[in-house]
Amino acid sequence: MGLVIRGGTVVNAGERFEADVKVEGRTVSGIGSNLPKTSADTEIDAAGRYVLPGFIDPHVHMELPFMGMVSIDDFESGTASGIAGGTTSIIDFCIPAPGTSMLDALKVWRERSAKATADYSYHMAITSWGENTADEMRAVVRDHGITSFKVFMAYKGAIMVDDHALYHVMKVAAETGAVVTVHAENGDVVWNLQRELLAKGLTGPEYHPVSRPSAIEGEATERALTMARLHGTTAYIVHMTCKESVHALERAKLGGQQCYGETCPQYLLLDDRVFHKPDFGGSAYVMSPPIRPLHLGHHDALWSGLSNGMLDSIGTDHCPFTHQQKLAGASDFTKIPNGAAGIEDRLAILYTHGVVGGRFSLERLVELGATAPARIFGLEKKGTVAVGMDADLVIFDPNAKSVRSAKTHFSRADRSIFEGFEVRGRVDRTIVGGRVAFENGKLMAERGSGRFIARKPTHFARHPEVRS
Amino acid sequence: MGLVIRGGTVVNAGERFEADVKVEGRTVSGIGSNLPKTSADTEIDAAGRYVLPGFIDPHVHMELPFMGMVSIDDFESGTASGIAGGTTSIIDFCIPAPGTSMLDALKVWRERSAKATADYSYHMAITSWGENTADEMRAVVRDHGITSFKVFMAYKGAIMVDDHALYHVMKVAAETGAVVTVHAENGDVVWNLQRELLAKGLTGPEYHPVSRPSAIEGEATERALTMARLHGTTAYIVHMTCKESVHALERAKLGGQQCYGETCPQYLLLDDRVFHKPDFGGSAYVMSPPIRPLHLGHHDALWSGLSNGMLDSIGTDHCPFTHQQKLAGASDFTKIPNGAAGIEDRLAILYTHGVVGGRFSLERLVELGATAPARIFGLEKKGTVAVGMDADLVIFDPNAKSVRSAKTHFSRADRSIFEGFEVRGRVDRTIVGGRVAFENGKLMAERGSGRFIARKPTHFARHPEVRS
Amino acid sequence: MGLVIRGGTVVNAGERFEADVKVEGRTVSGIGSNLPKTSADTEIDAAGRYVLPGFIDPHVHMELPFMGMVSIDDFESGTASGIAGGTTSIIDFCIPAPGTSMLDALKVWRERSAKATADYSYHMAITSWGENTADEMRAVVRDHGITSFKVFMAYKGAIMVDDHALYHVMKVAAETGAVVTVHAENGDVVWNLQRELLAKGLTGPEYHPVSRPSAIEGEATERALTMARLHGTTAYIVHMTCKESVHALERAKLGGQQCYGETCPQYLLLDDRVFHKPDFGGSAYVMSPPIRPLHLGHHDALWSGLSNGMLDSIGTDHCPFTHQQKLAGASDFTKIPNGAAGIEDRLAILYTHGVVGGRFSLERLVELGATAPARIFGLEKKGTVAVGMDADLVIFDPNAKSVRSAKTHFSRADRSIFEGFEVRGRVDRTIVGGRVAFENGKLMAERGSGRFIARKPTHFARHPEVRS
Amino acid sequence: MGLVIRGGTVVNAGERFEADVKVEGRTVSGIGSNLPKTSADTEIDAAGRYVLPGFIDPHVHMELPFMGMVSIDDFESGTASGIAGGTTSIIDFCIPAPGTSMLDALKVWRERSAKATADYSYHMAITSWGENTADEMRAVVRDHGITSFKVFMAYKGAIMVDDHALYHVMKVAAETGAVVTVHAENGDVVWNLQRELLAKGLTGPEYHPVSRPSAIEGEATERALTMARLHGTTAYIVHMTCKESVHALERAKLGGQQCYGETCPQYLLLDDRVFHKPDFGGSAYVMSPPIRPLHLGHHDALWSGLSNGMLDSIGTDHCPFTHQQKLAGASDFTKIPNGAAGIEDRLAILYTHGVVGGRFSLERLVELGATAPARIFGLEKKGTVAVGMDADLVIFDPNAKSVRSAKTHFSRADRSIFEGFEVRGRVDRTIVGGRVAFENGKLMAERGSGRFIARKPTHFARHPEVRS
């Protein structure tokens, strides 16, 4: 009925130690030396392996409707892809159309996510500000266990919020103890640069980054953090890509503000030469904010932030579209659906380039990919290997080598932005809720076995508002 | 026919020296030792006095229509008040109502300013963005000798521009070689804070600063400078009041951006206790951004900026309203007309607290109040005592002492925000366009003698746009 | 023969969870729900209590010979005092006289510390640079399990090192994988300021801080970090007290340097008014660097650093002298022996002002006081509650209240710098190496039961030296 | 007997205007339109030319004894070389051997400089600290008109001062109102790196920069500025080369400290590839601090500093040695005499790359090369074209083109570090003390016509010492 994981090295954010781990039902029930095993228990040999907490992806979009298309991984294939990559929980974004009810959108998302193979929650997006928005925000937190919101400062004419909405989202969030996650780009500037480029006939994917310069990501980050500071709100800046936004976050943190920053593997490992791949190949990399140029210090700023603590978390922004879907923008880069697959690659990529590359310890990687997302977003039973925690575990072989490829990944995406990347380390087994869901390359994720995790608000404004 | 100013110490931004100064017509024609004097010349004894270039006020609002009222100094009384205080040129703001033509507004302003007693120009405000705005901007620069624009990031619902407009103003300005002056406050936040305060019954002038915290001045400054950087535009941030905005300007300058910052005497010398004066006395100090609290480092940041070169210019935002006019906001601080008199006080206040106070040299004060505004805004014949320059001169007695007061000033304002301030130094004589317009406390300014000064654009974007 | 700690809430740096903790011998052998207990086991009820890893004090001086005196807590009383306060391991400083052998000093320290009641290690001080110093450093790391060094940039004429020595210490440390801990103050300046003050007859303890301004702590911090950067050395700045040094550390960390910072409770909670206590009472607070003035931002910089991750660790610099001993400086503050007691107060003070005060979480406090010191200094079996780790544990009652006082503390110090401080939380039991050493206010620490912990070097320079 | 310079455009730091300039004796006596000319006057046609103040080189070493050699330009040839390049005054460094009397050294320097063809002063170097040093400093200021000192934080074993000496120099300077100029490099580190390189057989000039990394220039700059801040001393950091030191200066200035920074053309225009020139050609570029690598941001930091005001002055560190002399270090780069020629190139190089290159205006160049050095160092009658000022003038043709070369320069140096550089603009005439000393490529400088300029101290500490 249970599991005994024998002889591995448990690695958490704060410690590593050799021990057996006992799982009963969905829960870790014991950690010890030479733990006894009943006949009903399955024994897993983890000698020479790391036993890590299941990774949490705080930033994914499964079956996201977008421009008449839907992102190609649904909650089943997307979470399964994650499991194959060592990720056992996700936080998706519930995104109501502007002017529509959050609670209605929530019903849709709950339906879609019912087929998930791993546990999940949502960030609730606020895409407009109306009479009922504040009340719906309160209901979402109070009645639905959703304690984080999302605002988009870009995507003008669609889901972008203006400063008026931003002000109110921050205010109500602080009151309800919720975190506000922020897509930080100045949408007005993007909109204008897009128009200018298209008007000049510059329509290829290589103009996508030109339309979204790093300076305006920095500006929006500064603005969002200022809005949060006004109310004592905890802000979390998603998918940070550049030195300007890292510097804005640094200033806020050094000034005493409680706030968080996330980046994604693609912003660390890729550079803007990818947009020039032939045969519209650059479209595979189109996402916002864009992948940045080399030699301007962006990549260094991100890596340093991960090791010095200014960045807190690594997500993926998993949101793949097929090449066929991407072709919608064949003659206009602004029509290329934004997004790529990543949930399956995160652990291997970061282990290779972060840990083996000497940039930070495995403990720190666990913190960035599991413990911190769990703590920030209130997933109390996740993010660490400890008694009473959910038995979401990864058995990781640090010595294996492999190559990332769309040919072998479990995502439905037909491209991988990490195609051909050689990596160190391999997920041997992933245990989700006490069940082995991935083993020796074989996926055994069970449709619908994932649960919605209700969360409690903890980020109430603690200090008087700063208004001088 | 001319003047010979005998035996003074000329002080310019870069030098001080004893010499006679000869004026012919409106122009300084010679500087030398023992200059000959014809019988037609008037001789002025300047022994023991400084001979300074006439100060330039780059930030005034004469007879500004506002909320059904008009600011109480018109172009005649306002420029005369300036002359009494050593200011011989002004740059006013031509402010068309949103959606109306700049060229029409210009006609109105030219009519109003025809009675000016000193030379003048305007910054042209862009208060909305429409189909013709770019063309009008080009016409204003090309045909009307106006090479600086103004945008307000505050005053929502009135003259505030959004980021879309801001983007385009910056773009067209860079193309035409014009400077963009910016009122930097986040108008959406102000609007909301005002509503919140009023809803709580907090209606007195002491809530004016609460509705406009320094953090949002800093945010808007950062945003404006980012917008300017995108296009290579030269931005000039007006009336900076706080450390947050000084820091944003510092970052931009240290990063290589060409941009400028202005502050005003009230932000250096006063603090927010003034808003608590009895009998609605605080209303006299209501202006935006507001006068800041002590002990938070704002005043130090401004003084340091003036001496270390991060701030470039000192204006006054001269825009007085009478107590009677201020009473329009007796039960609602958001209805108090914003503004106060200052043009007549600037030189004396800054000489006392800047130069005598040991913070910077008299040369630096001349630079901040005359030379820099002239250079930044293209007043080629102004801002320095030199041959060929306009004979706008101030004979300044450094040893005199006096007290600033509404009782003795020449402005029509019935209050002085510097009431009772003891100052060192006195303007003995002011010479405007070669004529003595103020002498020994007696004003001889001549209605209509001031000329509109057409300017040439010089601030073309020199570098490729920074877009990474 | 073992312990079962029943029903508590384990709190580590990365997690909190309810579980029983089983101890066998000196080691935590199991963590689980309803752990079985043999008849030989003692059961401890921890319901409603936190079970924390034993705190580690990375900065103490027991029985330190100084100016003909010896600090009043020896290794027995000092470690016992620590145990009463929840500290179960210490790192002392082995300080050879300049020009003498480290290995000889080590013998002396090992003798002295044999009576310790808790586990210990030493940082080895380098107090001069000679022909054999590099070889001795290598031997200390290789043969003696000591992987951290200490340099004093102050105490001129005694143990201060100059930049030449500092350069070489950093170099050899990087080669051997050791950390260099640094007392950062410019000793030349201190020496001169002391002479100037005494020459003016300013001899009281209130002149101690005047002789050691914060600017020179900042300068020395910058210099030490630069020296470390040259070689790729991991530096650890001890007892940071001021914004200038925090800013220097921030710059280094944000620039990608691996380095650490420590502060102590006294610098967070006290201010320089303490030096004015009557009857030479200020002498009790004389330590270096000094306790800083309020209102200059020093305290805020330290608190922010603890919560935003720029500071890594909290030590105490425990080094008490009696009032009688302090009187050696009655007529000359430079002769007051430097130091005070603190090891017993740290946990309670920080729990109260850090955790209850809302500045950071209990998890973060555990990280600052236990996990981080263990990881930085290579105490592999310490700093966290986990299987296989040393059974150094604290049972902490968060609801109790008490008052800190020299009358009730276990240190031999006759004064407490926290006299009268009301605190929240109480150490109910401290378990050291699997044995209950403190229980319900009763100390049962066993002389000589502490062990020297040999450490392994891990901080080898990973990056090529930065030399441009 | 005088000169009338007719029809040129005078350019000062604060203004440009067309005017005739009249010179009588050594002095500018009049500036005006159509100035009358007596028969005794020589008329110089300056139509289409700029009339600039003679440039001042605040950093030169003429006939400097160094390592048994003497720099190859003496006061005659060096000042003549300067005149050909538009420089009409120099400040040399009087450098007593450690332990010897400043007043004795002063006699030697006054003798040497008696043959100068242009006006001069000295900075007095403090190369050790002894009993009489403070008194000699006071005498130098009071009796000898020398109001600036120099300290070297590098050149260990020779003229380097330690922090003790630095402390006292700063203290006495503040008391006497003198400026302290600082060579900022950590000499202990340099000494060690030199030894390490030589020990590895790395002896070529390409290892010179390796032995003096930018980090230690930054460190020393921070240290010097801290020492100055302690006493309220005005510090002037000479020959800044790198971002680290620029950032240290920025921090000080932004924090309100009065201090100054200088760079030199070689640090702006060259990069460290020069050290690899064949046939020991790299030796020509050996100077300290060294020329820096490209692509690390050093050059940008310097250029930005010149335009944003963080750097104040441009010197040359003119100190040429012949190739024969450089060969002293043929097998050991530490024995290569440090220095190169530059006084003759400065104006042309900076006009070309600064003004024509669009980085700053000609007014700013005049400020950096003439006005600011004059103001900072108290050369009251220099640095600007104004009545009563010394008639040191440059008639500059902005349209001419030429090529810098050792073949054509007037310095005795047999190499030019700017060999082959194409430049815009040409010095048509240089007027020194009212006499044409250079005209149409012909040098008419008169041996011994230069005067020592006694200066007055002005940089007294104005604020209470900052000691917290």
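First chain written, first letter: the chains are A, B, C and D, and each begins at residue 1.
Everything below uses one rule, namely that contacts are C-beta pairs under 8 Å (C-beta built on N, C-alpha and C of every residue); 3 or more make two chains touch, one makes a residue touch a chain.
This structure is a prediction, so every number in the text was calculated from the model and none was measured.
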Any chain that touches subunit C and subunit A: none
When C-D is set beside B-D, which has more C-beta pairs in contact? B-D
Measuring centre to centre, with centres taken as mean CA positions, what chain is farthest from subunit C? B
Inter-chain centre distance, subunit A versus subunit D - centres from mean C-alpha coordinates, in Å: 56
Computed distance of Cα centres, subunit D from subunit C, in Å: 49
I'd like to verify one number: the distance from the centre of subunit B to the centre of subunit D, where each centre is the average of its C-alpha atoms, in whole angstrom. 38
Check: subunit C positions touching at least 2 other chains come out as none
Kindly provide every pair of chains that touch. A-B, A-C, B-D, C-D
Which part of subunit A faces subunit C closely enough to touch in the complex? 10, 12-15, 17-19, 22, 29-33, 35, 250, 253-256, 258, 300, 303-304, 307-310, 358, 363, 366-367, 371, 375, 383-384, 386-389, 462-463
Footprint of subunit C on subunit D - complex, ascending: 162-164, 166-168, 186, 188-189, 191-193, 209-210, 213-216, 218-219, 222-223, 226-227, 229-230, 292-293, 296, 466-468
